[in-house]
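Consider the two complexes below, in which chain A is the common component and chain B and chain C are the respective partners.
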Partner chain A sequence: MANAPPSTLLDDSLDGKAAAVFSTSPAAGGRMILVEDCVETSGAFVVHHLLKRCLSPHSSDVVVFLSFAHPFSHYDRILRKMGCNLSVQRDNKRLMFLDMLVLERLGRDRGKTSEDVFIALFGEIQKAVELCLSYEGRQHITVIIDDVSLMEVDANGSSNLVLDFLHYCYSLTAQFGCSLITLNHDDVYSNEDRPGLLLKLEYLADVVIKVEPLSTGLASDVHGQLTVSNKGIHDGSGKSRNKVHNFHFRIKDSSVEYFYPGSKT
Partner chain B sequence: MAEWICRTLRDGGLEGEHAPALTINDTIGCPLGSFVFDHILSQLSSFIFCQKSQSNGIVLVALSRSPLYYEQLLKSKGFDVVTSSTWFKILDCYTDPLGWRSKLVESGSIRSLSSGSSLTVNICKNVKDLDELFSSILELGKELSGDGKGRFTVAIDSVSSLLRHTSVPSVAALLSNLRSHDQVSSLFWLLHLDMHETRVTAALEYMSSMKATIEPIVQSVDGPRGNSENLSLMEQNLRRGKFCVRVKRRNGRVRMMFEELSVEKSGIKFTPLSSEDEMTAQSLVPKVQFNLQLSEKERNDRANVVLPFEHQGNGKTIQIYDGRKSLNDDKAEMQHTSVQKVDSNRGEIIYFRDSDDEMPDSDEDPDDDLDI
Partner chain C sequence: MVSVDKSPAPTAPPIQPLGQQTYVVVQPPAPPTGIPIQPGHQVQSSVLAGPWSTGLCDCFSDVSNCCITCWCPCITFGQIAEIVDRGSTSCGASGALYALIAYITGCACIYSCFYRSRMRRQYMLPEDPCPDCLVELGRGGDGDWVGTAMTMGLGAGEEKWGKGVPLTRRVGEAGDEEGGRWGAPATGKGSSSVTYMAATKPRTTSFSRNFSAVSSTAPHAPGLKHGPNGTLFLSSGIPDLDKILGGGFALGSLVMVMEDPEAPHHMLLLRNFMSQGLIHHQPLIYASSAKDPRGFLGTLPSPMVSKDDKSRVHETEQEKGLRIAWQYKKYFGEHNSESQRDGKSEYCSNFDLRKPLERHFFSGQRIDCVSLTESTDLATFQEHCSSFLSQTPRDNGNIAGGRIAIQSLCSPQCEFSNKEWEMLSFIRSLKSLVRSSNAVSVITFAPSLVSTAFSKRLQHLADTLVSVKAIPDEDKELAKLLTGYQDMVGLLSVHKVARINTQVPAILEATTFSMKLQKRRSLILECLNQAPVDGSSGASYASSGSCSGSSKTGALDF
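Our next item is the complex of A and B:
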């Protein structure tokens, strides 16, 4: 059995030390992780890291990936550099990639209303979840959505429809052992007067990962900071719940380095 | 104060009176509202289970958390889930609030519709129709008593979710109808203040007779995020908060009470507000290189200082007070001398200090009274 990859600060903040995978017992249910980023610091690397973690050979998790932003080839290229072959995972049925950029997807070209499109999309996700759980040894499903603001565009600007869809996806975490990871952009909503989509997502999420630039400005060896707020409600083990972690990161060619402020030599 | 609220909800409303209604408010800065909601739900459940309450049971409208969650909550508090259906009913608006699942089941895309919980639940498939919701609540309430006429408590998991689907007037109408219904003994709901405009939260406040707000104990300063102080405050606000209760009494008076709440592994704890205010004050004092605080000894010494206008030359040689005499000696002497001189015509200046906290730089000039 190959050694588990060393856990990074990001992994520790999500699960507590010495845990390389998400909680896999069905009783624990799943949780929702919200990644918030902005133009200066893109949070895409967090999504890639989490995707790679879910598809690691040490877990039997299955991923359903909803992409509103990029086609499959984009992620395939990036994850390949990180040492993970998405095409193989897709063939092994461990990854289900739903490319929302394709117009024929769910009959959007046939003049269906946005609501019907999203209902059908939810149907596909639930079907995938039920199917995967029927296989032996497969206990946990992760649904990744990249990203919510583009999903809102797809919903013709109806944030209510987006929230309804996310509510239904979230309800899967209660019923099945399912986790939800979404990416959203902070600055897209900064001009709104009324409390917007972002706040509602923050209430819904169990873990909020904020990716921001450093308060001191640009730097060559530190690209930004991550703040992980783990709300965590009722958990028997109480690993890293009700905790806030903050650390810096540096994006390298094929990986990302995480370190505490000031510890970079 | 939390106990007081639970008792008020337990006792319910009098005949012909509106049911007491509690709104639990929180914000994203200190999102502990759901813990308080769970606590109150558990407390009322124990009262009802022991038949110490006016109401026969609870009807819970679950919008933001699943029936499975509540089943686990009841189990963790020691209730038997199977028999709980005689006094605990859930209107499930979580599993399929907009009927999407039903549509998919009809079209054959998915199989199951169950909520996954073993509690008996009624599933609501259209949360936008509040009239239907109201009748469903009443229907469930009738099942809680043998003759269908007993009183019951209604709990709404999150009015914020309800407001997202419908308009403010319809939600206000629903709450008002529930409050004024004969069979509703008491009512409580959860609301996230920052998700709505102020006029909306104000409108809902009018619907309630008690308002419990959870605020951060110390407001986090808008400083650089990486600041460790800010981080520890953020973390603290995930676990502790200030519990402010505002109650409108029957005679019109408004009473405010404060407590501190903290969420621990064993549950939620309410304690009287400690001297956290001191901590706030300390954090507001600017950080300079000299000491602006008083130590305990310094405070005692200050209290012992006899001010110049508090004594006369008592027949003794007038000593210029140099700050070393204690107050007690002088007081005893003063009492003694005032008894002696009470029937003489000598003028006296008797000074009673207004308060011990009177600042040295207050408006009166203390030297006006000097009799030197």
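Our next item is the complex of A and C:
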């Protein structure tokens, strides 16, 4: 494609209307995006959208995808309908897919503790990042984690372990300028009395995308609403401000439509 | 393409089809009582022959009606009254009342005039050719009331109201001798209905998906059928649930059922699921916290035989007429299911809950029953499952589909019930096991027994999530709100439908269904229908929770 794909409301809210491409300048990289969803409305489509953007022909990003939820075939089929061939990208070394559902990867069968497993996992990611940066022309790496609540299951409930791991990943963003995209479920944590994992993640994140159902209930042409809080928008005069966007979406196989409430005809 | 008739009623525009069925949605015009309509099956409202199908003086169009009305107007009046009152007053009672009034006062026309007005109001028929009262006077109360209201696409199907009187109405036919005429519904006859499209092929476009090619290239066992996005379905054992979920349970999915501790309805789902698996010779594992889970196998239902042939024959006779059906949504599924049943009678059987499954279904099958109280942790059970499923023989490389049924996972009798993370880890690995070995797992748990966070995690893990709820007996408010309340045994809500290989969510027309036992034998799921409200008290609709999506208030989601 010669031209960049038309930017959607979601892209605009992420980039601050500056550029359609995720990583045109180093300042745009090094961000952490947190996607929150709930049982009624799944936020997986946001992850798919961001994945597709990272793997678009315009950017030379590399993606490291940690999947705790679905096997590769699931994402492959979905992204293929959206116009992105994951198998080819994997072969071209632009996508590194770590399927955490497979037991051997976790080393569970070898009797390792969760801590060891996570340490090993982080080691792999770091290696991949350094390797990719050594290629010329590849500046930007994105680590996508789907999703954090299942990572807690692997950590046997130890949220400290999960937080440590995410902190380490976050340090990568500062050190190497990578981006981190994570998906979590906020209704799991809603009943906690003390500040939990979710709050800490929200604090770390630069952009929080919340996916919720419509307050009026189910509808077939509007599947829910998105609230994007972007903490780090620099508007040129050196000041950074927090911008909140809210719009509705409708999910289709090939794309997702984003529109302001009430403007869908 | 059928043109969409956008009526001013605030209903949603046509939705994209799910799964293999191609629905073309046309909005029917709203009935005058203001019940919100969801676009469902297609209904074509092309033929609107005019508000009244026959004029005031078309006496000989329907001779039988004419005779009845002439000599015994009370009968006809009774039938009309029953229609207008939607079954709340019986035909006999109204007829007797009419006769009594006629005898005493000789002016029964006033009474029938009243009913004529009500019917006109209900079916939006004009006051034509002359005002109601005059028409009534003309003959002592006849008039063609029903007219072509039925061509407004209110659907066809056998309607049994109240006393069980089947009512059909022929389009354009009614009869009388002099003055006016009762368009009374004639029973048991009728010309073919023009407007009900579901009886014909459900496709009106020239584009059609090439189903035959797909199904013929990949041979598979009779218990499986193809679904969208390259998935395979197996049946849940309940035909209505299969329809609701768009074909059945997707292979490789995890189904979770949230129990209600007050009622054992989840057992109904489990029993049908397991029986269906045995009938299709699919390997089955059953686990529960009972000491001897084998005993549960004795309660599995047997499929119903040959009785439904009788009802089908009976129905095809009645099919020809145009029926008045004010609960028209009930009948949308009928024709589809009948046509499907011939070809796919093997996929999902109707189970007779009173008859236990015959012995011969158990022999030679791979059935495993595990008691969850045997071991202190779930690791052994998990290994058991994986070894069981890996032994599944593949004949000719076909996928057989396995079934895992786990009842009451979080029940306190199990020693691991307080080890939440262990259970989560088990379910996670079970999910990946089921994905890789093309099986379906149904797990029931009671959300009230576990913490909210844990329950939410389980709900997120599930691919398909349903919950069952008990219905309190003698709940006056519910009885007023719903029709058929006395027959209901429980409510089933569908919260999530498995979306494997796709990101598009499944938006169902309705998420809450009533569970009923038809003839105390088979489980059917029906959409909830609001009870009819008198035209005078229309205000109640606004408050009756029809569109509020928040399930936290406990309002029923229509």
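Here is the rule we use: the second predicted complex is superposed on the first by the 246 of 265 C-alpha atoms of A that agree within 3 Å, B and C clash if a C-alpha of one lies under 4 Å from a C-alpha of the other, contacts with A are read in each partner's own complex, and residues count from 1 in each chain.
Everything that follows uses one rule, which is that a residue touches a chain if its C-beta (ideal position, glycine included) is under 8 Å from a C-beta of that chain, and two chains touch if they have at least 3 such contacts.
Computed from a prediction, not measured in an experiment: that's the story for all the values here.
K.L.:
Let me test your reading of the model: by the given contact rule, A:214 touches which partner, first (chain B), second (chain C), both or neither?
P.N.:
Both partners, chain B and chain C.
K.L.:
So, does A:187 touch the first partner chain B, the second partner chain C, both, or neither?
P.N.:
So A:187 only meets chain C here.
K.L.:
With both complexes overlaid on chain A, does A:71 touch chain B (first), chain C (second), both or neither?
P.N.:
In the superposition, A:71 contacts chain C only.
K.L.:
Could you say whether A:149 touches chain B, chain C, both of them, or neither, answering first, second, both or neither?
P.N.:
second
K.L.:
Where does A:83 make contact in the superposed view: on chain B (first), on chain C (second), on both, or on neither?
P.N.:
A:83 contacts neither chain B nor chain C.
K.L.:
Classify the contacts of A:261 with the two partner chains as first (chain B alone), second (chain C alone), both, or neither.
P.N.:
Only chain B is touched by A:261; chain C is not.
K.L.:
Identify the partner contact of A:163: answer first if only chain B is touched, second if only chain C is, both if each is, neither if none is.
P.N.:
A:163: touches chain B, not chain C.
K.L.:
Would you please give the residues of chain A that touch chain B in one complex and also touch chain C in the other complex?
P.N.:
214-216
K.L.:
Where on chain B is chain A touching in the complex?
P.N.:
Residues 28, 31, 34, 65-66, 68-69, 72-73, 76, 94-95, 97-98, 100-101, 103-104, 107, 109-112, 115-116, 160, 164-165, 192, 194-197, 224-226, 231-232, 234-235, 238-239, 263, 265.
K.L.:
State the interface residues of chain A toward chain B in the complex, per the touch definition above.
P.N.:
119-120, 122-124, 126-127, 130, 160, 163-164, 167-168, 171, 174-175, 194-195, 199-200, 202-203, 212, 214-216, 225, 227, 229, 231, 233-234, 238, 242-244, 246, 261
K.L.:
Okay, in this complex, where on chain A does chain C touch?
P.N.:
Residue list for chain A touching chain C: 39-42, 44-45, 48, 71, 73-74, 77-78, 81, 101-103, 149-150, 153-154, 156-157, 185, 187-192, 213-221, 223, 251-253.
K.L.:
With touch defined as at the start, can you tell me which chain C residues reach chain A in the complex?
P.N.:
12-13, 15-16, 229-230, 420-422, 424-425, 428-429, 432, 435-436, 451-453, 456-457, 459-461, 465, 495-496, 499-505, 507-508, 511, 547-550, 557
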